[in-house]
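What follows is a pair of complexes built around chain A, which joins chain B in one and chain C in the other.
This part shows the complex of A and B:
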C-alpha cells in the first residue's frame, strides 16, 4: 500500500508539470497587457515597457517558463502578485482553507443526506418516499448551483431574514453556501446510492445472508451497503472535485474570501503569477483527491487491495491476477 | 404416512410471480411433499419447473414482489413456516434449515473474508463470542477440506469448487436438521462434483441431516437420495423410492428423462429428446400439463387434471395412463 501511494505521488509530478506548461501557453495566447491593468491605460509607453521588463514578461515564453520553474524548484517561490506585490504562497495559504472548508463541509452534508436518502429510496422502492426522492434528485441534478444559491438567499435572507446574505463574519455566514452545494450534490449522490443499493440487493450473497438468519438491518447496512459503497465512493470522489469547482463559484456569490475570489481577481487584473499559483493549487488538490479515492477503494474492496499489492510487488499485474481478470 | 416422522411437510403450496409485464406466472402449483427425518429426497425437473421456488418458499426467502405464496402450508416440526413472523423464521434460517445455493461464484459476499462469512451464521445462532465463532468457522472450513490458514482470505482468492465448499461449510456450520441443496454441483466440474457429493454424503450420515436435493442430474440423485420427486410445470408428476422410479418409471415425462440419458448400450448417435417445450407458466392448461408433449396421450388427457395414483408402495404418479403396460 505504502509503495503504491508513493508511486502515485511520484506520478503526480508529470501531471503538474503539464499543468504549468499549459498555463504558460494560455497566458501567451491571452490578449491584453498586464501593464495596462497595473499602471492604467493612460500610462506612458516607456513606463509600461519598463514594467514589462521588470516582471520579465519580455523574455521568450520558454525562458519565462524556465525561470518560473527554477524558482519553484530551488526556493519554493511561486513569484509575487502583480497587484499587491505580496508573495503568492502567502496569498494561497490565506485563501485556500476557505475553499477547502466549503468544499469538504458541503460534501459531508451531501454524503449524509444523499446516502441516507438513497438507502431509504431503494428500500422503499416504488412508494411515495421513493417518488419524492427521485423528484428531488432530478431537480438537484438539473439545477445550476448559482441559481439555487439565489433562491436560497431570496428565501432565507430576504424573505425570512434568518440568515445573512453574504460576507464572512461568523458561522451563520457559512450556512447558506454549504447548504447550496450540499443539497445539490446530495441529489446526485442519492441517485447513485439508490441505484447501487438496488443493484446489490438483487445479488445472490444478499439472499445467502438472509438464509443465514441475519437481521434485515444488518443485511441492508453491512451486506448491501458495504458492496454499494464501491460505486458510491467513485461518485463521492467526482463530487468532491465538483464541490471544489462549485465552491469557487459559490464563494463569489456569498463573498467568501477563498480561492475563487482570488482567481477572479487574478483574471481581471492579468495577475499571471497569482492565477498560475491558484490553478496549480487546484490541480494538486484534485490529484490528491483522486489518490485518496483510489486508496479508499482498497479499504472497501479486498479485491482492489489485492490488486494494489500485486501491482506494487511486481510492477505490473502478477500472473495469478491476470488469470483471474 | 406417519405425521410425526416428518421433519417438513409441504401441503398444496402454490406460488405465483406477479408482474405487470407478463401477468401471473404460476411457478408452483398445489405442490405437496413430506420429508422424513434423516431422509434424502431428490427434486428433479427441467429449468423453470419451480424447484428453486419451492426451496426458497421453505425459508420464506422468496422475493416479494414479484413472488407470492398464494396458498398452502409448510409445516416444520408442526409449525407453519408461512405464518411465522420475521424473528421466528430468522431463528430457523441457518440453524435448523439451511440452504446451499446454486451458484457459488455469486453466493458469497465479495467484501467479507470466508472465515467471517462462516462465523456470521455461527455467531447469529450459537451463544458464543465473535472470537469463538471464528474458531468454530475454522473448524467448519477444515471439515470441508480447506486449511484454516485460508480463512482470512476473500472469495476472489478461491476457485469455484472451493467457494462451493465454503458455501457448504456455511450451510452446515450450525448442524441443521434440514439441508436444502439447490443444484450444489451444477456449477462445478465433474471431479469436484464427486468430491462435493462425497462430502455431503459423509456429513449427512454424521449429522443425520435431512436433505432436499434439487438437481437435474439423475446420476446425482441415484448416488445421494432415498426418494425422488419429478417436477414438471410447478407440480410433482411422479414421486417414489429411487429404486422403484429408476427401474420402473411410470410418467411419460419421467420416461422421457431417462430415455434422454446417454447410454452405453444403444448405438444411436443422437440423444433422444422430449419434443416441445414446457408450457408457458403464465398460461398453463387446465388439464394434464404434459399433455401437449406427451406421445402416449389419449383423449381423456386433454379433459381433466390427473390425480395421483399409487402404482407400487410409496410410488405415486400423476397420469391417467399410470399402471398400464406400455410396449
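This part shows the complex of A and C:
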C-alpha cells in the first residue's frame, strides 16, 4: 500500500512538470509586453526595459523556465506578482482556504443529499419519487452554476431578504455559495448513486442475503450500498474537482476572496506569474484528489486491498492484474 | 402462398440493421424525443433570428428602455432599448455555433489521438496518454480560461480554447473500446492481407466504436455550450455588444434587483438547451447500448 502510494506520488511529478511547461510556454508566447501591465502604457521606454531585465524576461524562454522551476523546487517561491510586487506564494496561501472551504462544504452537502436521494430513487424505482428525482438530476446537471446562483440570489436575497447578496463577513455569507454548488452537484451524485444501487441490487449476493432472511435495511445499507460505494467514490472525486473549478465562477458572483477571484484578477491584469501559480495549485490538488480516489478504493473494497498487498509482495503487478486495471 | 409470406418475413428482418434498431428504440423513448423536440425548436428559432427580428441585435431605441416583457416586446428591452428577443436569438446563434464547433474540433483531435494511441500501443500510447494526463489534471473550464486568456477573446479563439479542453474526454472515449476490439479476428484478418494502418483505423476500428462517440458528442456539446457561456460570463469569450447567452447573463447581473427579466431569458435559454441535449444524449446512449440501461 505504502509502496503503491509512493509510486503514485512519483508519477505525479512528470504530470505537474508538464503542467508548468504548458502554462509557461502558453503565457510566454502571448503577445503584449508585461512591462505595460506592471508600469502602465505611458511609462518611459527605459523604465520598461529596466523592468524587463530586472524580471529576467529578456532571457531565452528555456532559461526563464529553468530559473522559474529552480526557485519553485529549492525555495517554494512562485515569483512575485507583476502588478503589486507581492510574493505569489503568500497570495496563494491567503486565498486557498476560501476555495477549498467552499469546495469541501458544498461537496459534503452534495454527498448527503445526493446519496440519500439516490438510494431512495433506486429503492422506489419507477414510482413518482423516482420520476421527481430523475427530473431533479437532469435539471441539476443542465443548470449553469452562475445562473442557479443568480436564481438563489433573486429568491433569498432580493425577494425574501433572508440572506446577504455577496461579500464575506460571516457564516451567513457562505450559505448561498455553498448551496449553489451543493445542490447542483447533488444532482450528479444522485444520478450515479441511483445507477450504482440498481446495478448492484440485481447481483447474486443480494439474492443470497435476502434468501438467508437478512433484514431489508441490512440488505440495502450493507450489501447494496457497500458495493455501490466504489463507483460513487469515483463520482464524488470528479465532483470535488468540478467544485474546485465551479468555485472560480461562484466566488466571482458572491465576491468571496478565493483562488477564483485571484485568478480572474490575474487574468484581467495580465499578471501571468500569479495566474500560473494559481493554476498550478489547482493542478496539484486535482492530482492529489485522483490519488485519494484510488487509495480510497482499498479502504472501501477488501478485494482491492488484497490486490495492493500482492503488489507489495511481488513488487509489481502481474500481467493479469494489469489487464484488469 | 406460405412461401411468399416467409420470404417477406425474412426480408423484414434483413431490412432492420443495428442502426435502425437503435433508431427505433430512440423514437420509442418519450423523454429523449421530448429533448429532441426542444433542441430542434430552439435551434430553428435561433437560425430564424433574421426573420423574427429583422432589425438585428444592435438596434437601439432610447424611447423604450427597460420595457418589461409584454405584447410589444416579448422578452422586454435593455438599457439601450434593444429587444431582448433579438439579443437572445442572435446570442443563441453564437452560443450554439461556438459550442458545436468547439466540440467538432475537440472530437476530431481527440478521436485521432485516441485511435492512434490504442492502435500503436506501447511507447506511442504512453506518450499520448501522459500528455493527455497533463491536460486532464486541469479542470475543463479552467483549461479553457487559461488558453482563452492567452489567445484573447473572439469567436475563433473561444472555439479553439473550448475545443482543446474537450480533447482528453474524446481520446479516452475512443481508446478504451478500441483496445477492447484490437484483438478481434477481423482486425487480425485485415492485418494479414496487408491493409494499411490508416485503413484499419478508419475502416475497421472507428466504425465499430461509433456509438460511444455519438453519445459523447451529444453530451459533450452540452458541456461545451456551458463552457462557452461560462467564459463569456467571466468577461472572456464573446465581447459586448455582440450577444451570447453567458455574456447576456453577465450584463443582466447588474440589473438583477430591478429588471430580473434581463437575466431570466438568457438563463432559461442556456438551461433549456443543455437540458434538452442531456435528455437526448441519455436516450441515445440507452438506444445504442441497451445493456447500460437500468
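Some points to look at:
The definition used in the following text is that the second predicted complex is superposed on the first by the 314 of 325 C-alpha atoms of A that agree within 3 Å, B and C clash if a C-alpha of one lies under 4 Å from a C-alpha of the other, contacts with A are read in each partner's own complex, and residues count from 1 in each chain.
As a working rule, a contact is a pair of C-beta atoms (placed from the backbone, for glycine too) under 8 Å apart; a residue touches a chain by one contact, two chains touch by 3 or more.
Small disclaimer: the values here were computed from a predicted structure and weren't measured.
Superposition of the two complexes onto chain A shows chain B and chain C fitting side by side, with no clash.
Contacts of A:74 after superposition on the shared chain: neither chain B nor chain C is touched. In the superposition on chain A, A:209 makes contact with chain B only, not with chain C.
Judged by the touch definition given at the top, the superposed model places A:41 against neither chain B nor chain C.
Taking Cα centres throughout, chain A sits at the apex of an angle toward chain B and chain C that amounts to 80 degrees, reported as a multiple of 10. Of the two partner chains placed by superposition, only chain C is touched by A:138; chain B is not. When chain A is checked against chain B and against chain C, the one touching more of its residues turns out to be C.
Contacts of A:301 after superposition: chain B is touched, whereas chain C is not reached. Between chain B and chain C, the smallest C-alpha to C-alpha distance in the superposed model amounts to 13 Å. On the side of chain A, the complex with chain C involves touching residues 14-16, 18-19, 22-23, 26-27, 29-30, 138-139, 141-144, 146-147, 150-151, 153-154, 158, 195, 198-199, 241-242, 244-246, 248-249, 252-253, 263-264, 267-268, 275, 279, 282-283, 286-287, 290. Interface residues of chain B, counted against chain A in their complex, comprise 59, 61, 86, 90-95, 98-99, 101, 103, 106-113, 120-121, 124-125, 154, 156-157, 167, 170.
Those residues of chain C that touch chain A in the shared complex are 130-131, 133-135, 137-142, 145-147, 149-150, 222, 226, 229-230, 233-236, 246, 249, 253, 256-257, 260, 263, 267, 270-271, 274-275, 277-279, 282, 294. Those residues of chain A whose C-beta lies close enough to touch chain B in the complex are 203-205, 207-216, 223, 226-227, 300-303, 306, 324.
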